[in-house]
Every structure is written in structure tokens, then in C-alpha cells.
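In what follows, chain A forms one complex with chain B and a second complex with chain C.
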Partner chain A sequence: MIKRLKICLILLVCMFLTTGCWDEREINDRAIILGWGFDQNEEGDYIGSAQIVVPGEVGERSSGQGKGYIVETATGKSLLDVTQNLQRKLSREVFLSHQKVIVIGERLARNGISNILDVYSREPELPIRTNFFVLKNGEAFDFLEVPYKMEDMPSTAALKMFQSTAGPESTTFKDFLEGASSEGISPTVPILEIINSKKEKEKDTETFRLGGRAIFNQDLELVGFLSYRESVDRLWIINKLNTHKLTTNLLGEEGNVGIMGMNFKSKIQPIIQNDQVEFHITLSGTGVVRENNTALDLKQPKNLQIIERTFNKNLQDHMISTITKVQKEYKTDILGFGQSIHKKYPRKWKIWKKDWSKKFSDADITVKVDINIERTGVTGSPLHLKESEIQK
Partner chain B sequence: MKLLLNLRKRKKFKLSEMLDSFSNEEPDKLISSDLSANERFLRDIFHQCSDVVFRVVPINDKTRLLFVYIDGLCDTKPLDEMVLCPVRASEKKCEVFIFEEFVANQLRAVAQIKSTKNVNELINGILTANVAVLVEGETTALLADLKGFEKRSIEEPSSETVIRGPRDGFTETLRVNTSLIRRRIRSSRLKIESFTIGKLSKTDVAIIYIENIASDSVIEKVRKRLESIEIDGVIETGFIEEFVEDFPFSPFPQVQNTERPDIVCGSLLEGKVSILVDNTPFVLIVPMTFWSGLQAAEDYYERFIYVTFIRWIRYTLFNISLLLPSIYVAVTTFHPQLIPTNLLISIASAREDVPFPVLFEAFMMELMFEALREAGIRLPKSIGSAVSIVGALVIGEAAVQAGIISAPMVIVVAATGIASFAIPRYNFGTAYRILRFPILILAGLFGLYGVILGMIAILIHLVHLQSFGVPYLSPIAPQNPKYLKDVLVRAPRWSMHRRPIRVAGQDKTRIPKGRWRKN
Partner chain C sequence: MKISKYQIFWIIASLEIGMVLLLTQSPAIEEAKQDAWISFVIAGFAGIGITFAAGKLSLLYPNKTFIQYSQSILGKWLGRIIVIPYFIHWLSVIGVIFRQSSEIIQMTLFTQTPIFILIVLLLLLVIYVNYIGGIESIGRCSEIMGPLILLMVIITLVLNFNNLEWDKILPVYTDSGLKSILKGGLTPVSFYGESVLIMMLLSFTEEPKKGVTCAIWGVGVVALLVTISTLEILMVFGANLSSRLWYPFFEMARYISLMRFIQNLEIIVTVIWIFSIFIKLSIYLFVSSYGIAQWLNIKNWRKVIWFVAIASIVLSLIYPNNNVASVSYLEQYWLPFVLPVNMILIPLLLWGIGVIRKNSKQIDK
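So, the complex of A and B:
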């Protein structure tokens, strides 16, 4: 009995003493960092800026005076170095696990971000699912300073903006790393822009909005930007577009028609002839007319066909211009064309993958868009029109 | 003479020692034929017992009657009516030799009669509310069972109230209690075995079970354990409970107690055995399982869908009552990653002014809560409400306003308190009240790792625990899928065909299968 007790005691002590790190720390001894910014200075050192919650200024007990957060910066040779230096400015321990967004300044992005990525998958305290943005025309530090009225913390606002517009695509570090490590597609990252909400150039009216996407090449250097509209084209091609509102002017008519597009699908067919690749891209989708500012009576099938045709034409033109921009200007395959070759012509891909970006920019591309309008809404023609004005 | 000499010597001793020595040394001492000697002897025994009444009634020159009884325990009215009046009336005619028989016959009409020659038996008889009748010249004494003491009437038990269900509760009188059970199960298979426990208190203890339905091994265990009890007095069933339970050092009760006859009868029908003790309304039921600690009487009176729902709420709440403060402490100090960001910021801002570590804060609040609870139980009702007002104001409002305690902690402790009240069996809930504290310490020292270790330790202990040979967690561990109808859900009554496994004896069928649908 005594022996058994002894063994139990030893096992019990082992259970408690071999647990590894002991990370007990009160919440109020942690500096909760919600947003993190990364920049690079001229010497090549990294500048980290952190948006840190000031718990005394938020919530019920606050006086309503402060903003609820502070922004602190530090420089260093790596993220760890930066946090180490940042810690010297903070009375509470840096706590990175609740980062909502990580914003990368444009200069750092252009210089390449491959040197700051590893820590996010290795350090246990850093969440790999943090969302990740590039700040167009600016330093990340500036972004963290921009106040945002609707949310307590501006970082949360950026994240929510992204979630409410981007549909199913997520751009966490995990997704970025997946994109960077896979062949035949280059990663892209959403853009944030600092804008002035009013005309006067006052500091108070500064706010930010979501832009299109930043394009990274295979070396993880920023090569260019897509506008918001172009990034929608990209989503459609890579089959991730859920719903999108599309508007177009009608040829020969006054006014425009807006549809709610859904069920977007895309199909990329590579065809190889004489060591030259050609891509046939078939894009389809359905639409519901939500806005009709023309005099057309949509109860007439022929009028619907006019709208469909116009949409197909316009979308096709836009799509081609987007793809050409990516091909010729950025020479970076962010649309997964390489992957489609990898699937269909695996042997060819092994030869081509080394200089894929050149092959990609040389490829011929044909686009076919097929929008099918299924419903026209409640009325045929706009209700305010007189009977004589309606085009049957 | 020798006897008297002995008695003289013993006079110096206290009554208890005297009784002891009686039962030990001279078990077979007989009643003498000399009434005066008997009276002297009894007066010696009961000296300084002001409630013992000696009534010497001379019948005629030769014959005298001696009545000995304890005032307040016996109803002497029938004695006067049935014995003394007729004796007085026919005093002259009576002969000594038939006198005893005459008295016996008269008494037999109103009470149980026992005759004895043994002094010890006589004394015991007097102490257990019998009237002893001794006749001049006879060596046999009569013991008439004329119990007549004040009883509390049957009331609704205050410790276990129901909305739907019978409102009668046990009283302090064993016979009333057995009658309440017998009224519900009118079968000759309902057995009531009597024991007397307690050297001084000589308390009546009864075990009740239904033959064949209760398992023989459990009955045998109960009998053996009761018989082996040596104690001076039994005041409450708790005295018995601590002697018969299997694991006295476990925080979990292995014997269920109740004030409600319907719960006892329900348990008897499941094959359990109950132990009744005189002078207390609380009745023990063995064997107890973990799950019966979470079942209330009403579970069987309300409709099963509602009851199943309530049971799940109860399971959730009792986990909350054990774990909520610990998880709060562990998560806020060790794993703030687990808290949603907005909640984390709220907690951080609420805690901003609090000078104490979370663990200390939690401990302080839990102690305050336990103190409030304890104070509320003991105080007279009129002061009790004052305590709760002071408690609510001081803890709920002032402490938060002053920034000594954070508001989330008050919410956590309050939620824990409410959750702990949802455990239907009071003594089962106390186990969790105690265990909350060690787990809280583990959480404060080792985070969720500590909480999990604590839970594993509790689980190992529970699996190991047995009550009268029945595994505490049965029928979940060891698992028996057919018998799960009364554990996680409460199946409809008509589908519970069997009595609980491992509890019931030979007769395991409650309801014949399939019958209920025929008409």
C-alpha cells in the first residue's frame, strides 16, 4: 500500500513538473495587439508597428476620452527582433495571438516579403489564420493610426470590410503560404487604401477602404495591383466568385441595366500546338435583373436577349483587358493557368514550369462569357414610363 | 441478598456503566417473586430518572401490582380503563394465582403483550415505551406495548419540494414512516427487518426491501454492516450512513437520503434497499449511483420529453458548477488565445482596476459565496433575508464599483452558484462544491492542463467507486446499452421494461414487453 502510494506520488509530481513552459500571465499584464504593420526603412531594417488595446479606455468603465488603442513602433532585423525591441516600450508583455490584421507597407512588399513569413508558421503564439493586407501607396504605420468610427478598433474594421465584400475567398497567412508554395499560380493579397472621405484634406476625415488585389510573383515580391473590378474578374476565373452586382450600358438605348449575378463558373482549357499554348476560357453565370433604367419591356424574350448579349460582350471585353494586363504588364500567373496545364499536360509542365511566366505572357487567350438571365424581377418595364414610351 | 449487595456496590456507578455491566456480566438475571425487592431493584436501576413512574397499586392485603413506565412515552389511559377499573370493581373476589392472567387478558385487548422473566428484557421493555406490570409473588412480568408519545404530523418535506407529486414526507416516527411505505406497496413481498442499534440510544432501525426484486447480496451486505455497528447512540441516519458506506474518504455520497416516501418506494421497485432510523425523517437508500444523484422525484411524474430536456440542462449545469470558475481562471491567465477578441477586450477592460490576480479573485468570490450560503442556512428566517441583501449589495454592486472585484468574475461566480442549485440531491451537490476548490487551484497553477488533470483524477475516482458492490457510474461504466433508458434520457415509462442492471435481484422485469399497445 505504501509502495503504491509512493509510486502514485512520483507519477503525480512528474505530471506537474514535466509540463513544459509555464505561461501564466494575467490579462492585464498582456499588451493585446490587434493590428500589426510591417514596413522597411532605407537601411533594410524592418519596422513593426502595433495597434495595442488600452483596456482602460474601452468598455463601460472608460471615460470616453481616449481612442481605446495606441500605436507603437520598433525596428529590428526580423519579427522576433522587432517584438523584442517593441517590448522595451511596453509595460505589458507583447501578446500577438489576437492579431486581426497584418498590413504590409508597399515598399516592403515591393522588396519582397519572403523573409518575414516563416515566423508565422513556426512561432506558436502567432496565429497562422491572421488576415493579411498590402497598403497601397503608404506605410503600414500610417494605416494603424487612421481612426475608424464604427468599430472600437480600426483593425477589426479592416477585417470586417474584407469579410463583407470578398465572398468565400479568405486571405489568411495560411492561404498565402499555400499560394506561394504551389506551382502554377502566384499569390495575391487584398489591398487597403487610405482615402479622404470628404474633399478637405483634413486628418479627421481620413479613412480607409478595401481596394483590389496586390500581385506577388513567385519570389514573393509585389509586382503590381489589380483594381477592385479587375480582382472580381480574377475571382471569377479562379472559380471563387459567389455573387456580384453587374451593371452595363445598353448599346443604342439610353440608360443601363443592373443584374445580380450568381452561380459564376469558369472553365480553363489549355490547348498546346507547336509548343505554343492557347487558353480557352469559358465563363458562365446566371443573373436576375434588379435594375432597369431603359425603356425595354423585359417581359419580351427578345429584349432579354439584347441584355444578355450586351452583358456577354462587355464582360468579355473587360475580362480580356484584365487578363492582358496580368499577362503583359505583370507577367505573373495569378489566375491558375499554370495549374490547368499541370493537370492536363503534366509532362509538358515539367519542362515549362521553369520559365512559366514567359510562356504565360506569350500565351494566346480567348474568352467566352455566357450570362443567362433567369428572372427579371417584379415588373417588365419601369413603372414610371407611359405606355407609349415602353419598347416592346 | 447477594444481588442486593452487588447492587449497593454498583450504586456509585453511573447509569450507563450499570447498563453495560448488566448486559455483559449477568445476562440471565431473573425477576424475583418479591415485589418489594423488584421495586427496590428497579428503583436502583432508574435512580435519578425522574421521568420513570413507579405506581404501586394495592389490590387487596396480599396482592399488589407494580406498574413501571416512562412518563410521556406511554399512553396509560387504556391501562386505567382496562386493568385498574375492573380490578377495583372486582377486588374482593380475585385470587392471586389467576390475577396475572386476568391482567394479561385485559391488556391483550388493547396492546401487544409480552411476558418476561428476565430483568434485562424488562428494563429494555420499559425503556422502549412499554408499561411493565409486575405482580406480587410472580416471577413473570408483563410488558404492554402502550406507546403513546407526541408525534409530528405528516407534512410536506421542506428539503425536497415538488410541483407535481405527493406532498407527504417522513416524520420522526419509524412506524409512521413504515406505514407510509406500506401504503404505497401493499405486498407481502415488502419486507421490513428490524434492528436495534446503539448501546445507549437503542434506536430502532429498519431495513426495507422487496423480496426477489432487491438483490440478495446487497441485502446481506446491509444486514452485516448494520449488525457490526457498535456505537453509543444513533441520532440521525448520518450516523448509520458513515458506518455502512464503502468509501468513507470519497467526497461523493454513496448512500442516498430522502425525506420523501415516493422516492423510497420508487427506489424499492428498482431493487434498492432502504434503511429507516427512528427519530429522523431522513431515510437512506442503497446502493446509490452517480446518476441517481442527478435525478429528481419529478423526473418520473412529468412527461418524458420535458424530463429529458431538463436532465440535459441539469447535466450541463452541474458541469458548469464544477468547472466554470476554473475554466475562466485558466483561460484568462493561460490561454487568452481561446477567448474571442471582443470578449477578451471586455474582460481586460473590466479587470483594469482590479488589484488581485484572477485566481485570488475567484477564490475570494467563491469563499464569499459559500459564506453567504452557509450563513443563509443557519440564520433564523427573519435575519436570513438581510444576509442576502447585504451579500448582493456588497458582492454584486459595491465590490465591482470599488474596483476590487471585476464584473465578469461576479457573473462567473453567480452562474456557478445558480448552476450548483440545480443539482437535485443536496448531498450530491456538496461533493461538487468541495471539488470546485482543488480544481480552481489546479487551473490557477497549470491552466487547462491542470483542469483536465483534475477531471481525469475525479473520473478515475468515480470509476473506482462502488456502493454496496454496485459500480458508481453504472450503467455508463461498465456500460450496458440496454439499460441506458434512465440515464441520459428518461425513456417513456412503458418502455422501461427492466429494472436497473446490477442493482436489481432476480426479478428484473418491470413491465411486460409490448403489452401496453394492445388496447
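So, the complex of A and C:
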């Protein structure tokens, strides 16, 4: 009996020792930050804006109370300073583990963002799987203030937009760090743009959309933008494009054809001759016809070939113009061409990597696109056409 | 106190894998860049070699521990002196492991808890397991925890398959060269080499000969898993980024995101990783208490546990910060001293002299 009592006593003591209450922080003592925005003012100080969840109001928006989040800002010499100053405005403790989105204002991006990155890789609370955006033509603070109707939090909306249109999930921050820390590829970041969704006179019509890609040089200063269509080309070249809808006008026919492109692959072959480099880029993909606004009957294999040929031609032209723009205008290798040399000619790379951006902008490029149309949907020719209008 | 040969396998595997995954990958990748996985392959074979030598040495006197047979081989006084480096090694490493592991637990799980509390709680657990059953209960614990630890590593590796980009390990060899690859293998070898602990453990096994085979298997399995995980780290983060992350394997566990709901697994990984630390600390505590008891002819080795426990608290708190405890300890003591002397030189020396003595005795007969 006494032994049992002893065991009970020991268990009781253990219970008090192992409750783990030391670090307890109740959810209503925490300011859960979902999105961060960073800007720089004229004096060079950083302005941080945080989108903070107001737990009680999430989901109650339909009943018209509150919007589920608040936006607070603070300034400081560094990000840590900003966080400290922000805390002074918050009754709850800043909690960063759930943060999903970081947005950088354009001015800060142009001045260079190397000073705000370290805190993100050092802090163990912060996940490396984070979404990273640049706000074109604006301040990150404005972005966080834009109400977005479909999601509770605008930050969530931004990352969902990115996932459903462009590519791999939540890897932009890691990809950025990887690009910044390695030679042979320069980092890029997706863009968000604030636009007016409906008629301008109406109130509350501001919303945002996903743009193309912001190009950073090796000093992590913003040098330029790619449009959305050009950023698709870039994704295809670096082998990260999942699916994309492509439309093209047919030569010699009226109307256009749209396909759902899939299985995009790319191969970059550097060829070095006489200290001069040439890149052969082979791009392939499969497509399913989703829209046919021409009179062509797609049951006929020859008509499919016409479509394939036109797609190959047009995509190739666009690709060349994108690459030339990157080469001549920005002189920054964001396409991983340097890495392909590093992999194939590692010895040559050691000599070249110092002035790679010059070599890159002088390199000759050839592009070959090969789209293979696999299916045409459940009709051959458009159903609304009369028999006589169909082109066999 | 007796342990089975399978328990030897689980003890060796679970005591090695935790710290190897935590501390060796970043320095190896820093040295050998994207060829670090080759360093790990080489280190794995070297580790197996060290285990083999230590095992062979112990098999000369299968019923004696290292402390006892060093006296049989070298004579009473020289044999006693040659084990002193091991006591320094064991006691100091207990302190360092306590410090590092609680530092990491504090960083990932309990950010506000004082480190002293974490160390004491872990220490009480380790003392308890030693006091209640010595090596036998550690063996049983590792039989339960070992499979969980290996499973945790395998799950982390499998769940990262969708993040891999295999061409990140190119180009092979040209960027680093043989010298860097070998240099990168140094830290992993020094961790695999901790299997020299079997010199103290083999005398407790029922079948010492098979115990050696199992210990070698233990090192082999760990080496294989760690090599694969290094490959994956390189393919996920690339050589530049992963050399700068302090704990790339944990970072990889955090990076898991499958179907948008299997996320934030690092907590589970940390908790299971603590199992490995627990086994490692218990073994070191057991070995040093038992060893000191035999060395000083103390009958009841359990009394020595208290001395070692207090020493390890002191040794874990003397470091001014985490960098000294991990980086300086590794670079200034572990790599230049423990690896060549304690893991290679002394075992080989004793093995050589031991074989000669045995042979001459047989000739005498």
C-alpha cells in the first residue's frame, strides 16, 4: 500500500514537472501574422506592414462585422527594428510561424533587398517555404490594404493565385535564395499588380492580380520586369511550367485555335566553339485542343499538322523575342544558361563565371519548339457550322 | 547485465544517426560542394573499417571490457594510462551533447525555457535508465526507439521525393576534386567512428562475434541513410544554400509539403530525434561510469553515475555560447585528437600488440 502511494506521489510530481506550460502562449495572446510587406522611405529606413489575423472576426465577414484582419505598420533601421517597433503597437505578441507571403514594394526592390533577407533565414520560427512577391508600381503597404472578396485574407489570395496559374507551390523564397547564392543564374520573383476590377467610379473596386516576373541582378537590385507571357516562357525554359493555355491565330485561315498545353520539357545545350558560346534550346510539350474558332475539321490529320506547325512557329518566335529581351535589355542570366555551362563544361565555367553577364548577352541562341497535339476534344469541327462551311 | 546482438545493432544505429544528421552534413557540403555525397560514401566505408578494427580488438578478450583488456595487453600501469584519453573524450562529449541537444530543443520547441532546465530533465531521464538496469535497459529502449528513429528518417526522405531536382548535383567531381572530397569526409568519419564504443559493450553481448557483425551493420545502415539524405539535401536546396544552413536535414523536414496538408513535420522529427540523443547520452553515461568504476576498482559502478552526472552538467554549461560548444569543440579537439588517436591509433595499436601477445602465448604452450 505504501509502495503504491509512493508511486502515486512520484507520478503526481512528474505531472507537474512535465506539463510543458513554461512556454505556453494562448492563441488569443498572439498576433498571427500572415503577410508582411516591406518598403523603404526616402531616408532609407524600412517600413514594415503586417497583415494580422483578428481571430474572432474570421468567417464573420458575411454578417458584415469587421474584415478578419488588420494592417499595422512600423518603421525601423532593420527588419528586427521594425518588428520591435511594431510590437509596441500590438497588444498581442508577434507570431511569425504562419506567415505565408512577403511582398516587397518596388522602390525597396530597386534599392536592393540584400539587407532584409538574412533575418528570414536565421530565425528558426520562420519557414523557408514562403511566397515572395514584388509589388509593381506601388508600395507593399497598399497591397496589404486591398480588400479581396473571395478569401478571408488577401495574403492567402496572392499565394493561391500563384499556385493556380504559374507553378510550384510556395517555393519562391527558396528559389530566390538559391538564385542569389549561386553563380550562373540570377534570382527572379513573381510580381503582383494592383488593378481596378470594375468601373473606376465605383468604390471598392481595387483588386490585385498576378503579373510576370521581377528580375534581380547579382547585387539583388531590381533591374526590370518580364510580362506575364514572358515569364511563362522563362518557366518553360527552366523546366518548371506545369500546364498553360496557349492560343494562336492560324496563318491563312480565319479565327484562332486554343490548346491546353501540358508536359512541358526543355533542354538547354551549350556548344562552345572558339571561345564563343551558342545555346541550342529544345522545347517540347503536348497539347489538347480546347477551342477551335476556325472552319478546320480536326478529324483530318493534315489539319492537326497545320495547327501544330503554326504553334511551333509562333511559340518559337515569342521565345526568341523573350530571350533576346533578357539578353540585350537586362543582361542578366535568369534562365539558367550559366548553370548549363557549369554542368557541361565545368572547367570553362571557372574562367567564364566572372564576367558571365557579358558573355551571356553576346551568346547566340537557337530555339526549336515541338508541340504535339494529342487530343481534340469530343468534336472534330465546330458543331455550329453548316456542312458547307467546314473545311475538310 | 546481458544484451542481445540485435540490441547492439539498434544501439549503434540509433546513437549514431541523430548527431550525424544534425551536424555533419553542413560542413561536408561546405567542403565538397555538390560532391559531398561521395565524401559520405567514403566516410561510411571508413566508419565500417573503424568498427571492424575495434570489434576485432575486443574479440581477443570477449569477456572483458576495454578497461580490463587494455591492462591485459599492455600491463597494469600502461594499460591504465592508455584509457585516460577515452575518459576525457567520453566526459567532454557528454557535456557537449547535452549542450547542443538542449540548445536545439530550446530553439525548435521551447523557446523560453532556460537551457539549464532542459539539461537537467534530460539528465534525470538518462540517470534513471542507467540506474534501473544499466546497459540492459538501454538495449531494450533502443530496440523500441531505434526503429522509430530510422522510420522517421525514411519518411522524411520519401516525403521529399516531389521536391527533388536531380541535376543540382551536376557537375560531378570537377568543382571539388579529390582533396576536398576527402576533407569533407573527415567530419562524418569522426562521427561514424563513435562506434568504437563497442569496445566497452561487446563483453555484455551473448554472442560477441555476431555482435561485431551487427555493429558493422548498424554503421552501414546509418551510412546508407545519411548518404541518401545528403543527396536529397543537395537536390532540394543545392550546394550553395545547404552549406550555409546549419541544420539542413531539419530544414528539409520543414520543407515537406504534400497535398497542402502534410506540413510542418519538423516537430515530429525533432521529438524522435531526441530519442537518438537519449540513447547516445545513456550509452556515454553508462560507459564512462562503468569504465571509471572498473578503472578505480570501485565495486558498485552505480555510485559513479552521480559523479559523472554532476561533471556533465558542469561540462555542458561552461561554454559561453553554442558556437564554441559545437564548432570549436569539433574543430579543435574532436577532429585533430579524438578521431586519429581514440578512434584509430589506440585501437589499432592495442589490436597489433594483442595479436602478437596471443600468438606468442600459443607458441609458448
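Just so it is clear, the second predicted complex is superposed on the first by the 356 of 392 C-alpha atoms of A that agree within 3 Å, B and C clash if a C-alpha of one lies under 4 Å from a C-alpha of the other, contacts with A are read in each partner's own complex, and residues count from 1 in each chain.
As a working rule, a contact is a pair of C-beta atoms (placed from the backbone, for glycine too) under 8 Å apart; a residue touches a chain by one contact, two chains touch by 3 or more.
Worth saying up front: this structure is predicted, and the values here are computed from it rather than measured.
Peer 1: Does the superposition put A:359 against chain B (first), chain C (second), both, or neither?
Peer 2: neither
Peer 1: Once the structures are superposed on A, label A:244 by its partner contacts, choosing first (chain B), second (chain C), both or neither.
Peer 2: neither
Peer 1: Determine, under the contact definition given at the top, whether A:15 touches first (chain B), second (chain C), both, or neither.
Peer 2: So A:15 only meets chain B here.
Peer 1: Which partner chains sit in contact with A:156 here, chain B, chain C, both or neither? Use first/second/both/neither.
Peer 2: After superposing on A, A:156 lies in contact with chain B but is clear of chain C.
Peer 1: On chain A, which partner touches more residues: chain B or chain C?
Peer 2: B
Peer 1: Given the touch rule stated above, what does A:30 touch, chain B (first), chain C (second), both, or neither?
Peer 2: first
Peer 1: Looking at the overlay, what does A:53 touch: chain B (first), chain C (second), both, or neither?
Peer 2: In the superposition, A:53 contacts chain B only.
Peer 1: Would you tell me the residues on chain A in contact with chain B in one complex that are also in contact with chain C in the other?
Peer 2: Comparing the two interfaces on chain A, one with chain B and one with chain C, the shared residues are 22-23, 125, 127.
Peer 1: Quick one: in the complex, what on chain C touches chain A?
Peer 2: The touching residues are 107-113, 117, 121, 167, 170-171, 174-175, 237-241, 244-245, 251, 254-255, 257, 260, 264.
Peer 1: Which residues of chain B touch chain A once you look at their complex with the stated criterion?
Peer 2: 332-334, 336-337, 341, 344-354, 357-358, 444-447, 449, 453
Peer 1: Where on chain A is chain C touching in the complex?
Peer 2: 17-18, 20, 22-23, 121, 124-125, 127-129, 169-170, 174, 177-178, 181-182, 342-344, 346-347
Peer 1: Where on chain A is chain B touching in the complex?
Peer 2: Counting only chain A, the residues touching chain B are 15-16, 19, 22-28, 30, 32, 34, 53, 55-62, 95, 97-98, 100, 125, 127, 152-153, 156.
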